[in-house]
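Order as written gives the chain letters A, B, C and D; numbering starts at 1 within each chain.
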Amino acid sequence: METMTGLTGLFDVFLSAGLLWLAWQALASTDLFRAIVLFISFGLLMALAWARLGAPDIALAEAAIGAGLTGALLLSALARLPRDVPAGDAGCRTAFVVRVLAWLATMGLASTLAWVVFHLQPVAPGPGNAVIEQLEASGVGNPVTAVLLNFRGYDTLLEMAVLLLALLGVWSLGVEAEQQVTGADPVLDGLARLLLPLLILVAAYLLWVGAHAPGGAFQAGSVLGAAGVLLLLAGWRLRAAMSSAWMRAVLVAGPAAFVAMAVTTLLIEGRLLEFPQAQAGMLIFVLEACATLSIGATLAALYLGGIPQAEDDA
Amino acid sequence: MTAADLYALAGVGLVGLGLYALIVHAHLLRKILAINVTGSGIFLVLVGLSGTGPDAIPQAMVITGIVVAVSATALALALMLRLTALSGQAELPQDPDDAH
Amino acid sequence: MPLLVVASSLLPGLFIFALAEDRVRTRTLLNMTGAVVKLVLVGWILWGVFHEHHYETRIPLLYDLEIVLRAGPLSLLFVTLSTILWLVTTVYAIGYLEGVPHRSRFFGFFSLCVTATVGVALSGNLITFLLFYELLTLSTYPLLVHRGTEEARKAGQTYLVYTLAGGALLLFGTVWLYTLTGTLEFTPRGIVDSLDSAHHPALVVIFVLLIGGLGVKAALVPLHGWLPQAMVAPAPVSALLHAVAVVKAGAFGIVRVVYEVFGVEFSTLLGLTTPLMWLAAFTIIYGSLRALYQDDLKRRLAFSTVSQVSYITLGVAVAGPIAAIGGVVHLVHQGVMKITLFFCAGNLAETLGIHKISEMNGVGRRMPWTMAAFTVGAFGMIGAPPVAGFISKWYIGLGALDAGQDWVVLVLAGSSLLNAAYFLPILHAAWFRAPPARWPKEHDFGRKETAWALLLPPVLTAAMALAIGLLATLPFSPLAWSRLIAAREFYQAW
Amino acid sequence: MDGLVTQLPWAIILILLPLAAGMACFVAPRIAGALGLLSVVAVLLATLGLGLQLASAGVYRHSIGGWGAPLGIELYADGLSLLMLGITALVGIGVSLYAGAYFTREQAGRFWPVWLFLLAALNGLFLVDDVFNLYVCLELIGLSAVSLTALAGTTAALAGAMRYLLATLLGSLLYLLGVALLYHTFGTVDISLLAGRVTPLPALWAALGLMGAGLILKTALFPFHFWLPAAHGSAPAPVSAVLSALVVKGSFYILLRLWIELYAPAGGQSAGLLFGVLGSAAVLWGSIQALRQARLKLMVAYSTVAQIGYLFLAFPLGGAAGYAWQGALYLLVSHALAKSAMFLAAGNLLRFGGHERIAHLDRVVQRLPLTVGAFAMAGVSIMGLPPSGGFIGKWLLLQTALSQGQWMLALVMVLGSVLAAAYVFRVLGHAFTAAAVPHDPIAVPLRMEWAAVLLAAGSIVLGLLAVPLFTLAGIGGFAGMGASLP
């Protein structure tokens, strides 16, 4: 990237300073709600930073997942925390000595790292160029998608497992998702009805465009997830749907598709996830479609935060 | 220095902040926030260090990282809520042994 | 072949664990077949060795380390002893434990214990020895605490603290030795004399470590603390413990280390034998003195063991051929005599509920056979001819004079006097005092003085003690074997 | 037939099969138990297959997607991977047998998917040659381990799980930061390529320092063990077994690989010394804590802290001549079997007596001879008494330490064994004391007892298999192990 000059350079300085300041505020604020809101805005700023770093894919993912869904999770968690639980003033109860030591240690580490990062001299070039050279062979035009789904598709396979695993973990706590006590809020409900098709459209677009431009399964999936969250907020009774076996099928669709793809490519080409040149684009699209579905479903289910129970008031 | 370096350094700063907060804060929600901040910092380093021109591989790694982070956060929050419901406080017992 | 000898008690033991408590017949059958088979096998090997056959089993353990079981003369001496005494003790134990709970567990560990002992005897290198030595520790513990009282548990703990710490020393020494020599094979006149003198200080430390580790089981003062406490064990266990299994394994180990790891000449060269000799002498006197003041019969016998076992160490430490014969042969003699004494003590306890010496007045008339056996054993311990004990002491004495250690004779004389001092009163009370109106806790065995299974073993072993004393000059007597072993150690390889 | 056996892509089966099975269990909880057990057996068979493959064809490589490093990801399996996979499969079988009887129907529905994911992640960890993919595996392992810990549902378990989650997340983040530095300095995340490119630079040291810190945090090396006792001590018995036997070993395995491939070439003596010191501290501190515990499972957990310390004693010794690595690996394997057996046995005692206070175990211990036998055998291996796997391991370490004149380390090793004996017999001492008050026991399924017995017996039998096992582990000559065989 070009050395910083003029306005853009100034912008970068402000942006990075703002990141540090927001993070510090979020972590230091005595009020938990305020902390979370600050954290969400920190996430949005991160998205900006990604854009500046020429990583629009990450920018999208950060905005949708890092800021959006993580924020929603944090807020709903805060809402479910019993009122009487002490909020814990920002760490002032920890012994002064401990804090001083911690400060010295972390600052020492940070400054060392800063020095290392600043003087880092690559001894060998990364495979960045290889990505560009092999892009045709990968079957997609967007290098990031190519890496995610093809070159390092195996990472993504395991990553889908991580996502599903998080849900398994949440459910293994054996908590039932509590029923929405407040009935559907009319305003929110109307908004949801309005936004739902739009969001689905956006998701579909991101999924499709991801092949050659910024976007892809994760961004699309998170938009779907956001839609689900919206519906839950609007008090739609999705639990019945979410508790069904179908739901489970949707949840595993992504990782299952990956495993299936892995096996078939193994059988056809003799290598794990080695896509036949001609069909690569199509196969990857199928994978991404399945992934999008289960990412959306999983994120929504994570937001629900408990094992969905079939409606008992029916 | 380039803007990328700047962001990488900012990332290092975030790592420092996050680690410090993780150590000193008792409240689990804050600890979770701290972990997330640390993660973001590391992601910044990972991408920011690719000096000349954007490199798709670290970017893909960061996307993977973001998804892992949100999964971990969701699990952590659920655990925190369950623990709070049982023990009545959103903090870890001082002595791990007599959590009984 | 040696493997079979080990297996002949291991397998029955494992089966016995699986047996239900009430399957008395099967259990007895298994025990006896195991014991008899082992006896036959040992006889076979003896015959073979006499005809110049070589019996050896090698199992690779790790790189250049192997589990080696070899039937050398020294091993055979000990194996024969333990095999015969196991058979006898098994009979005794079956009688003794009539109707006691957890018998399957007991006999299971009993067989394991014997397996370990035989393994110790047959082991052809230090690591194999170590292996069975630790197995012995573990398999004895359950027997020790079998009574399950709080007292028993305490005693068991003490036993473990001592023996496991000893085991650690032994391990440390063994590994260290291995890093120096690169071999742990038992070989006459040792494996270390080839090392250059730079290593000699290290070797001294290793010697101390090894002897320290073994001394715990051999109950060398001050490492003897566990032995008197171990009295809480049932009589057959004490008998086995003192005569063959634990204590004897320690003493046997000392013989091995001095003769076949360091070699007598080399140990003397390092100036190690003299302190060992003093230690042994001190233990002999100390044990006898303590024994003098015990009223509990088994405790008195225990301290007598502390003293008697050190004769073996003494005989070895004197570092002369003749004394060596005495020491090695005492391995057998002490075993036979001491087991007799413990059998008798057990009989008194079982039949009349007698535990204290002060209760033994006139018991000789009530139980003539038992007390006769006891008398033989006691005289043996004192070292009165013609009982076996005399021979050991005689040779050790001669050897000491021969090696110019005249003071040892004084030690022997002194201990003999002390032995007399703590055994003769018992015999006097038993034979010449009038029996009390009623015994502490009498069981009725009809016209017999006690159950056959309890009576036969002591009488048998007493007879043996006499026999090996009287027939010491015959070709196959323990004495003959000991001469052979001493010859190998002091003159040329066999 | 033999041709087929050696041709099949066993390594890939080892990863994908449990993954698929886990998802199937999630979709169809009813058949989870049967399906799970079946797939674990299949994993064992696949491991055998891989063993045959390596034995006949040497190390195994597979470049995923056909791209090859540095663009793609490489699978790599040598003797070391095989050893780890084997022990994982064996412990897996034992634990699965046990779990089948341990959990309620409802719990089982949640246990199996997560446990199978964990199994897949472990296998993946042992098979991949790529530091970033290792990061993903670490996260999979961490999250699944935490979820399994929380399965117990008690406050203690949840607190333990929470602490564990924070620790493991921090660990993987530090590791990831190190990966970032490595990638940008040497332009690859492939271990073999890295090994070829490493040159002692500040960036390398920073990277290795961060990764090392993260990994020892996950391995719970003293003083980073603070999270382990709470988690291992309060999780359900089969989970504790897996955590102590396998999960902490996963991060240790990475550390070992990186050490041999990256640290050692860059000259990491000082770090090795540090590991030695921390390891010694762990051995002593863990053992003493184990002695002080009143609850059985906490005692066993602290014993794990101590035994992990032993593994790190190899680092200061590994550089020079000797069998340090072999010793450490043998300890690792036998500890995996012994410790899982111990936890399962503890679970039986807890289930039978309704409590786990060591001081009042006597009447419980009396009635479960099989379980106590398992505990005793496992104890023998932990103490390092012959003949057991633990003995072989300690012998090799001790021999190496003494031959290099490392007296302090040697002393620590022996001391640790004695302390181990002390805390093991604290429990066994009760086995023979007469049961005082009778109580109403909850019957323990025979299956649960036998699972413990088999694992424990395995840790003993291991003592006689040293030669063949080292031959297998030597495939690929990791850390010169192939060479050091006679």
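We take it that a contact is a pair of C-beta atoms (placed from the backbone, for glycine too) under 8 Å apart; a residue touches a chain by one contact, two chains touch by 3 or more.
What you see is a predicted model; the values in this text were computed from it and never measured.
Among the remaining chains, the Cα-based centre furthest from that of chain D is the centre of C.
Averaging C-alpha coordinates per chain places the centre of chain B 27 Å away from that of chain D.
As a whole-number value, the distance joining the C-alpha centres of chain C and chain D reads 43 Å. Inter-chain centre distance (chain A to chain C, centres taken as mean C-alpha positions): 74 Å.
As a whole-number value, the distance joining the C-alpha centres of chain A and chain D reads 31 Å. Those residues of chain D in touch with two or more other chains are numbered 132, 136, 139, 143, 146-147, 150, 158, 177, 181, 183-184. Shown for chain A are the residues that touch two or more other chains, namely 113, 117, 120, 122, 126-127, 131, 151-152, 155, 159, 162, 165-166, 169, 173.
Residue positions 15, 19, 45, 49-50, 57, 61, 64, 68, 71-72, 75, 79-80, 82 of chain B are each in touch with at least two other chains. Looking at which chains touch one another, you get A-B, A-D, B-D, C-D.
Of all the residues in chain B, the ones that touch chain A in their complex are 1-10, 12-21, 23-27, 29-30, 32-34, 36-37, 40, 43-45, 47-57, 59-64, 66-75, 77-82, 84-85, 88-91.
Within the complex formed with chain C, the residues of chain D that make contact are 323, 369, 380, 383, 385-387, 392, 395-396, 398-399, 402-403, 410, 414, 417-418, 421, 425, 429, 431-434, 464, 466-467, 485-486. Across the interface of their complex, chain B is touched by residues 1-4, 8-9, 12-13, 16-17, 19-20, 23-24, 26-28, 32, 35-36, 39, 42-43, 46, 49-50, 52-55, 57-58, 61-62, 65-66, 69-70, 73-74, 77-78, 80-82, 84-88, 90-91, 93-94, 98-99, 102-103, 105-107, 109-110, 113-114, 117-118, 120, 122, 126-128, 131, 143-144, 146-148, 151-152, 155-156, 159, 162-163, 165-167, 169-170, 173, 175, 218, 295, 299, 302, 305-306 of chain A.
Remark: chain A residues 112-113, 115-117, 119-127, 130-131, 134, 150-155, 158-159, 161-162, 164-166, 168-169, 171-174, 245, 248-249, 251-252, 255-256, 259, 262-263, 266, 269, 271-275 touch chain D in the complex. Per the touch definition, chain C reaches chain D in the complex via residues 59-64, 105, 127, 130-131, 134-135, 138, 142, 145-146, 148-150, 152-153, 156-157, 160, 164-165, 167-168, 171-172, 175-176, 178-179.
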